[in-house]
Structures are given as structure tokens and as C-alpha cells.
Amino acid sequence: MILRAAAAVFVKDLRTEWRTRVAINALLLFAFSVLVLVGYAVGPTRLTLEDRPVVNSVLLWIVLFFSAMTGLSRSFVNEEETGTAAALRLSAPPASVFLGKLLGNLALLGVVMAVVVPLFLALMSFGIAAPGLFLAVLALGGVGIAAASTFIAAIVSKTAAKGALFAVLATPLLLPPLVAAVTGTQIAATGPESAAGLDAVRLLFAYDGLMVTASFLLFDAVWRE
Amino acid sequence: MQVLGTAGKVVLGLGMAVVLWAAFLYAHPAESFVGESSRIVFFHVPTAWISALAFLLAAIHSGLYLKTRKMERDDAAAAAARLGILFCVLATVTGSLFAKVMWNSYWNWDPRQTSIVLLLLVYGAYLGLRQAIEEPERRATLSAAYALIAFVSVPFLMFAVPRMYASLHPDTVINARGRIEMSPDIKLVFFSSMIAFTALFAWMYALDVKATRLVRRLSERTGGFEA
Amino acid sequence: MRLVAENVSRSFGPRRVFGPLSFATEPGRVLGVAGANGSGKTTLVKVLAGLLRPSAGSVRLEDAGRPGSRIGVREAAGAIGWCAPDLSLYGELTPAENLEFFARVAGRLPTREELEERIASVGLDPRRLRSIRTRFLSTGQRQRLKLAYSVLSSPAVLLLDEPGSNLDEAGHRAVTAIVAEQRGRGSVVLATNDPAELALADERVTL
Amino acid sequence: MILRAAAAVFVKDLRTEWRTRVAINALLLFAFSVLVLVGYAVGPTRLTLEDRPVVNSVLLWIVLFFSAMTGLSRSFVNEEETGTAAALRLSAPPASVFLGKLLGNLALLGVVMAVVVPLFLALMSFGIAAPGLFLAVLALGGVGIAAASTFIAAIVSKTAAKGALFAVLATPLLLPPLVAAVTGTQIAATGPESAAGLDAVRLLFAYDGLMVTASFLLFDAVWRE
Amino acid sequence: MRLVAENVSRSFGPRRVFGPLSFATEPGRVLGVAGANGSGKTTLVKVLAGLLRPSAGSVRLEDAGRPGSRIGVREAAGAIGWCAPDLSLYGELTPAENLEFFARVAGRLPTREELEERIASVGLDPRRLRSIRTRFLSTGQRQRLKLAYSVLSSPAVLLLDEPGSNLDEAGHRAVTAIVAEQRGRGSVVLATNDPAELALADERVTL
């Protein structure tokens, strides 16, 4: 029942997104523009060979992080701003709201990654030595970012007036997975799977598990407020 | 009403055929180029020139739309931007092939390559904007404003920014020395090709404007931006 | 079910808006809430709906058969219907999609006929509105849709805050019909500035 | 009179922003996270000496650019979303609206720069050899970004897609000043003022002048739509 | 000044909402706009305000002394006052700050007394609302503030779309007073669902 309701929330958000025509092509164009900007300024040939994996990994996650920041808070903030949150609160079980929004954010981030990552690799001639590790880092990093931003978005939407709180809350929450993901990506780019790479994956995994569980449990209190 | 009569079509077709023949069989390969690769200049440069022409047309019609508020101007601007993108892609592809032969890589972030991609992005964004607005008058006004503001940045993209980085790309027609070296036969084919492509573009453009207008009239009649 | 308020009051900062008030709704009866603009009607209704915490006192649902049983209003999704100026439906969905969504998250799967019947019951034409998004509806049409939403889950308690605002005569009749229907199912709290609407009430709380 | 009205718009936006602090917090949060991420992953010592000015200049402007993308569309989009645009349109001369919003965006970007730039220089041990050139590049780059963003925000606020479209439309337009600013920053970092540095300043100046004039002239049509 | 509409109509997509209509307002007179929910009253008023383009026909302001003179409504900022459900003031500003802002952008510098007088004229208590943000006002208080905004620039033409919605009795009297005051200054267009309000009109357009 919770799952069905979560699916309804997910479908509703998808539909709204589709109707306002934000849609895929805007996202595509945007990702592409940013990559061209980065490529233009850094270019694959303008750096010494040894620095490339470091710089490229950071740039990749900055782009992903930026997309997350712009897109992922919208769905909750929108419910509050347009005043639909009250109706949702009266009608839907809180767990289903959280799951639905998390699903939506995962889908959004998934699409962004599916577009940005291959383009980035191709345009920057960024070679990956350990694709398995790279994919694991992407997936786990994505889940972590999505879970944390969903929860933070729920809090922000309530404290629109006291946004300062949000800044303080969000920064430490999002940094661990980002740093781990960047490290993991650097390792994946340079060498075969190694102990350090596994460490990054393990860290991300632990973070994801904790974050999803904690935010699921805490969501009720935030949402009902 | 027909955009181009039968005679016109025959002339255009024959002209294109002659240019094609001359490009591959009449002109000699230029010196300083690898192998036969210089022949691609006969297609590469006209497509680049036409995309610039098309974007200029888009800007002019956009300005006229804001002045006259005639929807026909909007149709013309949209058609010009679409065709501009098409020819811009062709210039990029031919340039890319050229680059593979001359510089040994399809894509190497040469400023010339990048700036043309940026042009593609600007006008891609223009089409994206059009698609995002349902109401015709609003779409026309907003996209005209964007086309004009974008056109302000185009000279920077085309001329100023590429100069900030060293480029391998040959100088353009508008260069410091006035004229570049071309043997007479190449010059003849080159300018014939320019004329033929421009005529081709003029025909395509007229067709596209007409089609756009018809589609708009049709959608005005059946409506349909409610849902 | 009865909605029971006990010594409820609400303040914003130092300013007390209303209360302490004690009352209960009875199945089949309409409780009117009256008072000038800014007297606290909307605030009271929100507290009753569980959308706003009372500053003091408590609000609970009580099973009619078992006096003394208590269900917190915040836990009673589905038992309470709410229509108010602060309520917004999804502007990008059509009227039918809105109702369908709210039915689904509450665990039901309405058929198309049911949805269209609901829409027709508040005097909207379901066929003409089939493909129009809610944000393009006129104020009065939107108000009618909100009324349809408020009774969607056949609530035990229906909270109506200015249900007749921006409605034409047919719209006012639809409100009367909804109130009459709800009498057969549970209770109504009706907060309004309109004397004609207030006449529907059996009891009255004046703020 | 136009200027007085523009000042009123500016003060109103400032007051609203002060009461909610949404935009400034989002901006600072984002900038701060990226700085920490970059500092951690790239660090001042992880790059070879010769790459540092290149990479640091690019990273600095990427942070500023993304901050602009997050914050600068808010003021117009908000007027449209909360429905206050209609009242503003009926009461205020269009030119004053544009000027007021431009001023607001300049102030916002100025605050972000004032926070981000010193932090970035300190965190990355990024030394600047020609401070005068650097400040000129920052100021002119900021004006260019603010002017283009203000105008694009006005366009985007009239569409259904808003946020997503903003980034798509603005990115290609912002590339010329960004590239010039990056180049200028690199020159300022490595050597004393030079002809190339002046070129960058001149280019930025020309862009700013054209962009401000063109958007000022075109604004009327967009705003009245 | 007279507001002259000539063969005005408006469609959304294929659906014509109203028109073609021709009429003019006369100084000192009230033109009522009637019609059921969804009949196009709000759309008509927006077209008259220059906020929405007519699909056909034209709307212009005509100097009363010089018949035939034409000023496009879109260029006539200040000559038109508008109060409608779609109008929003700034939620983060106080009522006085809102009025002050709109006076300033129109080129005037009201004193504090003037502002408080305006606020009091629609039955709000300026002292009690001095530090409260507009988004915390009750629906009816907000509606009153919107009425105060609409006559802020002493407009030649006042467009009122459902001015009485969510108002209590004192509020309705304030609307009547505003209409009476405007008669001495120019003309009124009054679109409403409320028969009592419609009775204020001298002429009537029914959609």
C-alpha cells in the first residue's frame, strides 16, 4: 500500500515535470553546454598527463553536484511553495511521500549521470582504467547524494524563512559522499582496482545505508511539522 | 504557389552537379594540404558561410518581429535558425573530417571547433526556448529577444574568443593580409560552389518558411495548447 | 466519529488569536464558526485539521461508539476532509488527474466514471475539462474542484473554510448539497463570512 | 525618476532577500561545498607547479559561474511564481524594473565573490602576481555575468520551465566573458600586467557594454509580454 | 478618461472565452460584468488591464476631453487600478511597505501618515499590522490590502474583479465606499458573482 502510494507520488511528479517541458532536452543541452565550457577552458591537452585524473574527477563531480543542487530540492520546495503540501499531508502516508520523492530524485540524477558521464569521458578524453569500480562509485555516490538531498529538501521546504539553517545542515551532509566519490573516481581512472578503491566504495556504501535509513526514520517528524 | 519553378529547379540541379564534378575532377589539389584533402574546402567553407548567413537572417527577422509584430517574421526567424543549425552541423562534420586528415584527430578542442559548437548551442537553446512556450505571441516575442541578445554574443564567439587561444585553423577570408593564396582553378570552383550553395540555401529557406507558416496556420485553426 | 477540542487556543508569538475553546462536533450536525476578518477562523480550522499545532489544549477524534477513545488528528489521514483558501491542488494536472492522485495515495483506485461523477457533482463539466490543466481553471471552477477533493475520502469530519468564495449561484447550491450529503455521513465544521452560508449551521462558535 | 524607481525595486528585493535569505544561503552553501570539495580533492600541493594557475583559474570561475546559475534567476522567477509580476507591471516603468534587478544581481554576485575569492585564494595557496588586473577581471566578469543572467531570467520567468531553461539559455551566452575572465585570471596569476592581460580586459569591457545596452533595449518587449 | 473596448474577444487555443464585445466606460459610472463561473469575467478584466492580449479587437484609453485620442492600455501605467484574485502583493513586506513600494515605483514618496491612512481606509488597523508580514495576514485582511493597492495611484479607471471575496460585512462596506469614491474620480469596471455587489453597477455586460 505504501509502495503503491509512493508510485503515485512518483508518477505525479514525473507528469508535472513532463508538462512544464523541463524535460530531457533541456537537461541534455545544459549538460552539454557545461561540458563545452569546461572542455574549452581546461581542454584535454592543456594539462600535464599526471594531473589529468585529479582535475577531471573533481570537475565531473562538481558538474554532478551542481545538477543535484539545482534539481533535487525542487520537488519538495515546490509542494510547499505552491501550497499543495497541506493536501498531500492530509491524504498520503508520510513514508510514501518520502519514497516517492526519493525515487524521483534518483531517476533525475540517473538521467543526468547517463547523459553527463559518457559525454564527459568522451569530450575530455578521460580514460577509466577500472570501469567496475567507476560504475560502483557512480551508483553509490548517486544514491547518497539523492538520499541526502531529498531529506535536506524536506527540511528546507519547512524553513524557507530560516534558510541559514539549511546551509549549515546541508554542507556537512553532502561532503562525505562527494569526497569519497572523487577519491574513488581518481583511483578508478589511474589504476586497477585496489584496496584504496575498495575503501572508497565501502565508505560510500556505509554512508548510503545510514543516510537512507536515518532519513526514512526522521522524515515523519520533519514532514508532520 | 510554388517556391521555385521547374526551370529554376533544373538550373539549380545542373549547377550543383557541375560544382560537384568540378570539385572532385576539375580543380587541382592545393599545395600545403595533405593528399586530396583540400577538395573538402569546396563544401566546408560554403556550409560555414551559409550557417553564418542563416543566423544573420534569424537575427534580422527577430528584430523585425519585435518591430512589426507580424507572425510571418517569427516563422522566418525560426526557419532560419533551424537551417542555420543544419548547415552548422555540416560545417562541423566536414571540418572534423578535414581535421582527421590534417591534424590527425577528429576533435582536439581547437578554438575554431569549439566556437562553432558554441554557436550550435546558442541556437539549440533558441529552439529549446521555442519548444518550451505554448502561446504563439509569447513564443515569438521571447524567442526574438533571445535571438537578438544571442546575436550580440556571436561575434565574440566567432572572432574574439578563438583568438585568445592559439589555433591551428587557417585564417579566414576576413584576415589581416587581405587575400589568401588560391590557384585560379581552385578559386573558380570555390566561388562557383559558394554561389551554388547559397542558391540551394535560398530555395530550402523559402520552402521552410512556407512550411512553417502552413503548420502555424493549421495549429491556429485546430488550436491545442490547452492540455 | 466526533472531533473533540478541549481548551484549544493558538497564539502567534505573543498574540493570542483565539481560545481557549472547548467543543465537539456531532455526526449529522453542522458546527458554524463565525467572526470578523482576522478573528481566527482559518487558524482554528487548521488546528482542527492537524495542520497547525495548538498552543495549548488538545484536539482529538473520538469513536462515536466508544466515548473517551482518542485518535490524534495528525494520525487520522482520511478521516478529515478539508477545503480552505490555503488549499491548493496540482496546477499542472487536469482536474481528473488531481482527484485520481489523491485517491491513489489514500489507497484507492477510482475508475474513470467515478472521477467524472465526482467532478460533475460540484457542477463542473467533466467532458469539457478533460484536457485542461487545473491552473487554467477560473477561480470559481477551481473552488468547486477543491470542494470535490474535500469529500473524496468520504471523511467522518468535513472542515469547510469559506467554501462559497468566488462561487456563482449554482456553486452556492453545490455547497449546500455537499453539506447536506455530509450530514448523512458525519459532521461538518463550517467557517465563513457569508451570513447565508452560516445559516446552514446547527450550532455556532463565534470568535 | 527611473533611477528612483529602480532604487525602490532594488531595496524591495534586498529586503525580501534579507527576510528569507534563500538566495544568498543557497549560493554560499553551494560555493562553500565546492570549495571544500576542490580543496580536499585537488589541494594546493597535488598539482604540478606549471598547471596550478590554469587549473585554479578555471576552478575559480566554474564556482562563480555555477553560483550565478543557482542564484541569479531567482528575483525574476519569484515575481512570476508568486504572482507579483502583474502588479509590478501595472505600476513600475519597465526600465526601472530591469535596472533594479540588475543592481540586485550585481550585489548578490558581489557578495558571493567577496566570500568565495579570498577563501579560494587562501585554500588553494593561489598567488596573484598582478592584483590590479585580477580585480579588473573580477569586476568586469561579474558585470557581464550579471547583465546576461538578468536578461535571461526575465525571459525564462515567462515560460513554464523556468529554472531548467535558465541554465540552458544562459550558458552559451556566458561563455565569452567566462573564457576571457579565465584567461585574464591566468595572466594575472603568472606575470605582471601584459598586453594579453589588457586584451582580456578590453574584451570583457566590450562584452559588458554591448550586453548591458542590448538587454536594456530588449527588456521592454520581454517584460510587457 | 474613458476605457474603450472595440470588438474585443479572447480565445485560448480554439476555444473562444468571450466576445466580440464593444463598450466604453464613462467617468462617474460603474460598468458591471456578470456571468457564471468560468464565463470569462476575469479574462475580460485582464484584457482591459493590458495584462492579457486580446485575440482580436482593441482596448484603448481615450481622453474624455478629446474623443478619438488613443493610448494603448499597455502604455498607460498608473491610469488603471486593478484588484483581482490573481493579484498578489509581496508576502515578505509589511502592508505599509507594500503600499510604499508601489507608490515609489510610480514616482511618489508617500509619508507614513498617508500610508497608514490608506490602510485604515479599508478597515485595517495600521498600528496592529505595523510589523506583520503580508503573507501572515488572513485572507480577508489581504483582500482589503489589495483594495487599498488598487486605488493607490488614484486611477482614472478602476478594475475590480470579485472585490468582495472573503470579506466580512465591514469589508463589503469598504468596497461600496471605494466604488463611491472612484465615481468622483473616474470609472469603475466591476466583475463579480455576488448579486449584492452587482447592484452597484449602472450598466451591465453579461458574458
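Each chain gets a letter, A, B, C, D and E, in the order it is written, and its residues are counted from 1.
The criterion applied here is as follows: a contact is a pair of C-beta atoms (placed from the backbone, for glycine too) under 8 Å apart; a residue touches a chain by one contact, two chains touch by 3 or more.
Being a predicted model, the structure only gives us computed values, none of them experimental.
S.K.: So using the touch definition from the top, which pair is joined by more C-beta contacts, B-D or A-C?
M.R.: Taking the two pairs in turn, the one with more contacts turns out to be B-D.
S.K.: Taking each chain's centre as the mean of its CA atoms, which one is most distant from subunit C?
M.R.: It is B.
S.K.: Report the inter-centroid distance (CA atoms only) between subunit B and subunit E in whole Å.
M.R.: 50
S.K.: Distance between subunit B and subunit C based on Cα centroids, please, to the nearest Å.
M.R.: 60
S.K.: If you average the Cα atoms of subunit C and of subunit D to get two centres, how far apart are those centres in Å?
M.R.: One centre to the other, that is 46 Å.
S.K.: Identify all positions of subunit B at which a residue touches two or more other chains, and write them in rising order.
M.R.: Answer for subunit B, listing residues that touch two or more other chains: 118, 121, 125, 128, 132, 137, 226.
S.K.: Scan subunit D for residues touching two or more other chains and write them down.
M.R.: Residue numbers touching two or more other chains: 19-20, 160-161, 165, 168, 171-172, 175, 179.
S.K.: Among all residues of subunit E, which ones touch two or more of the remaining chains?
M.R.: 12
S.K.: Under the stated contact criterion, what part of subunit D meets subunit E in this complex?
M.R.: Per the stated touch rule, the residues are 1, 4-5, 8-9, 12, 15-16, 19-20, 82-84, 86-93, 96, 224.
S.K.: Where on subunit E does subunit D make contact in their complex?
M.R.: 49-51, 74, 77-78, 80, 82, 86-93, 97, 101-102, 104-107, 133, 149, 153
S.K.: In the complex of these two chains, what residues of subunit B are touching subunit D?
M.R.: Counting only subunit B, the residues touching subunit D are 66, 118, 121-122, 125, 128-129, 132-134, 137-138, 141-142, 144-146, 148-150, 152-153, 156-157, 160-161, 164.
S.K.: Note which residues of subunit C are touching subunit E in the complex, please.
M.R.: Interface residues on subunit C, with respect to subunit E: 12, 36-38, 41-42, 85, 136-141, 143-144, 162, 165-171, 193, 195.
S.K.: Which subunit B residues qualify as touching subunit A in the complex?
M.R.: 107-109, 114, 117-118, 121, 124-125, 128, 131-132
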